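Two complexes come next, and they have one chain in common, chain A, joined by chain B in the first and chain C in the second.
This part shows the complex of A and B:
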């Protein structure tokens, strides 16, 4: 550690000023937009926003889909992470690489693939019609199901990564010991694995939940204007109606969500360090 | 149940769900037909060639590459000194500075884009191009600071102090001792920043205009009008590019140690 504070400050300031001026300031002004009315400062815009049935639908749909994606990815994530951790060391790294591979690929490409699969003339419909399960293609695209599938594929790797690293820190003998003592798999999961990996579950869950809440591309491409989520609603309000008040309210909801998730993660990280 | 068998069934299903869609995209891109379909109608490379012939793709690819390279470099120019100061000096208000610098991670990109358009581009007359550049720089800054800080923390301060004792000045010590030792971290930050910027969509949504679009935005615009496999071919090419970059980085500098 060097003591000269002036040099330290001088080195930090350009980055801090850049982020504050070009980032915090404009975003701050945008957030303040909803509090300004003709009669001075007020929170009435929030009341009006939530009074609209359409906005309510979008808000609760976003929460519902994000929770569903987080929940389902936890179930699949536990199975996949447990399988990966129990692989022999040589194939474990390779499997981990394959699971994280999709994270490096453009979300547009990843979402586009589902158009090919779920579209009217897509792969799924072709199979359904060929097998005679339905006579005409069913609509999967532009439904909540399509958005759910897209988000799940986008964020599942984050859950698997968190759970794998949590399971690697689990004492190696914990599961065999519980089995020998007569616990069935459900008991092993609830009493041994879950408590020992709770932190990884919270980290993964938070990443998946906030990721799904703030996703734009997936609901835009797979949901369209039929299945709006908060970000696509924001885009629509601004481009179609020039409605900056709604945009400001949505921005506040998303930032509060994402900020509290970040605080939670930071608290977990420091709790782990001090242990 | 045989536990080895169930292990492979679980992993097989998970990988099919995660990676299968890509294989389908690649197959659809190899189609000889004019409509996006899987299984493909015949085999050809024509859509991979068509991608390079679409004028707007070429232009927007240039924009995206420019933003990814120079936005990341700008973020490093701001971020490396900040990371150095935060790991070496007792900076007053260090926690606040850290929070400010990492704030772009917390705020969703679409909001950043809208805020910059509304309060920088429109009132101050800043062009869309510079605004887009600044937005990408801000977005990469947190990654640059975090990754470089981590590799700076692993470097012992005594080496630098020895250099100072031996008559180096501060900057000389930084250039000769610190920089060569954090090269891997800086490279990792560059690659991470490049891929993040290149794949970024929401921040560029509001910050695009005629003749100035990033590639992902252009792809979305193209597929709203056309239903041919060229976007599939382009997606496949981009996927190969990202995976190739990350794979090479892992191979040569051990990217995952830094991230």
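This part shows the complex of A and C:
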């Protein structure tokens, strides 16, 4: 692009120095703490971390909830995206705006709204009691269910946006063509829509999975200390226990899990494609 | 079998706009029908309703004696060659043609797919991806994909409009050959009168969601019923008649150089064997074309002209 490569390099350099000095270096120092013991370098901190049953629970809970949120948002996302793409152009923009609107509201405000809705005297419990489904209000807040609902609502728009743009790139008449050739809706989805929107699903899935895994506010407010996730556990280790070793172990785990999730999803997408 | 495909009082609408209003049409078995008309006349909408991609607001669609009005497209046994071809980009040419056969779990899949590709002359392209093919080849794959299903009716949406002049002639011949060999009933949608005249056994001329005129190519070309039909068939000068109705002249029927009327040449262009003129007169704008061997007129020149009664076509309505 540039006649002289040096000019291009010079333009990138300030940003590169900034990123290296203020991001990569501190993160590196922080993460390296997890490998340092009194007797030198070691991975024993990871062994100790996973030896604790509580940490195991938190780890698998995080993995489970993040996967569940990603999976459920894919199901809802496909339905919503398909409906949006098939709307007439005028209402499509409006609907798309409505879907992305929550992204413009602070996650703190959104999560506090769930406190009101899911609480003992909240909207959900009132309906359950009024309908006679339960006699006394049930506990929803500070359960995995509450965290799941909060995360799903938080990240579903990202999935819908990814899938809408993937579907908009499908050939216009691919779906009607498949239907005329004898495919029912399930076959249309499996044989045409899914293969043609795989890249959108990978992007959406990665965003939702890593987002859910690294979210702090939602699990902190809706799960509290009863339903710890890796992120809330990390915060607790630092602020309550001043335990920076565990904290950097958790940070490392989160980074590794994010990358693996993306690699796994990409692998799944390409493996099917080359068939 | 006079009504192999039968549309009765078909009304089709998108939201609040009515696209087709109480349309009645019977199509015979083995017929090649053209739905002809300008954009927005309801021709594509009618075709989509036959395919089942659109549910009518009222009226019925029968195919081969079955009421298919509420039947999903997957069960109607129709084929549709989309204007965009609508091939599946993630599947090879072979798998595109095999798509419908696989869903039906048909035996001898390979033979049937290869036979289908042979019909359109693309056997050596079986392993290619659709993106590697030219537009004309993609369309033939799309045609093969529909034909291997042996549909009762084959619908084609503007089958020639995306092709260049040479391919257009090739595809036209191909469609006629396929129709002759398979005896399949074909309905194709077009806005090009030349295409409809060249291909169709019968032309259904549509206007504003209703049928303006049905007839053979020659009938519509030589005896349009209205000003609209005449205009669509290349009559450029349409004037009201003395006894109601109207009279229409093709550019070639206008006589230049002598006659009772006067006009001024506003435009002149050379078109090979003929010269085309636009003249302004008391009747409004008149288009004329005359052989290049005749006298040449210049822009701005006053000329006498004649609209001979005997070379006019009489119209029942002028609108």
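The definition used in the following text is that the second predicted complex is superposed on the first by the 243 of 275 C-alpha atoms of A that agree within 3 Å, B and C clash if a C-alpha of one lies under 4 Å from a C-alpha of the other, contacts with A are read in each partner's own complex, and residues count from 1 in each chain.
What we mean here is this: contacts are C-beta pairs under 8 Å (C-beta built on N, C-alpha and C of every residue); 3 or more make two chains touch, one makes a residue touch a chain.
These figures come from a predicted structure and were not determined experimentally.
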{"item": "Chain A as common anchor, with chain B and chain C clashing or fitting", "value": "fit"}
{"item": "Inter-chain angle, chain B to chain C through the CA centre of chain A, in degrees rounded to a multiple of 10", "value": "90"}
{"item": "Touching partner for A:234 - first (chain B), second (chain C), both, neither", "value": "first"}
{"item": "Partner chain(s) touched by A:142 [first = chain B, second = chain C, both, neither]", "value": "neither"}
{"item": "Partner chain in contact with A:46 - chain B first, chain C second, else both or neither", "value": "neither"}
{"item": "Chain B versus chain C as contact partner of A:172, first or second or both or neither", "value": "second"}
{"item": "Partner contacting more residues of chain A (chain B vs chain C)", "value": "B"}
{"item": "First (chain B), second (chain C), both or neither touched by A:189", "value": "neither"}
{"item": "Minimal inter-chain CA distance - chain C and chain B, angstrom", "value": "9"}
{"item": "Contact residues common to both interfaces of chain A (with chain B and with chain C)", "value": "none"}
{"item": "List of chain A residues in touch with chain B within their complex", "value": "1-5, 7-12, 14-16, 18-20, 22-27, 29-30, 76, 79-80, 82-84, 86-87, 95, 98-99, 101-102, 104-110, 112-117, 119, 121-123, 152-153, 156-157, 160, 214, 216-217, 220-221, 231, 234-235, 238, 244, 247, 251, 254-255, 258-259, 262"}
{"item": "Of chain C, residues touching chain A in the complex", "value": "14-15, 51-53, 72-76, 78-80, 82, 84, 86-90, 99-100, 103-104, 145-146, 149"}
{"item": "Contact footprint of chain C on chain A as seen in their complex", "value": "88, 171-174, 176-184, 187, 191-192, 195-196, 273"}
{"item": "Residues of chain B that touch chain A when the two form their complex", "value": "3, 6-8, 10-11, 14-15, 17-19, 21-22, 24-25, 28, 35-39, 78-79, 81-82, 84-86, 88-92, 94, 97, 100-101, 103-112, 114-116, 118-120, 134-135, 137-138, 141, 145, 157, 170, 195, 198-199, 201-202, 205-206, 216, 219-220, 223, 231-232, 235-236, 238-239, 242-243, 246"}
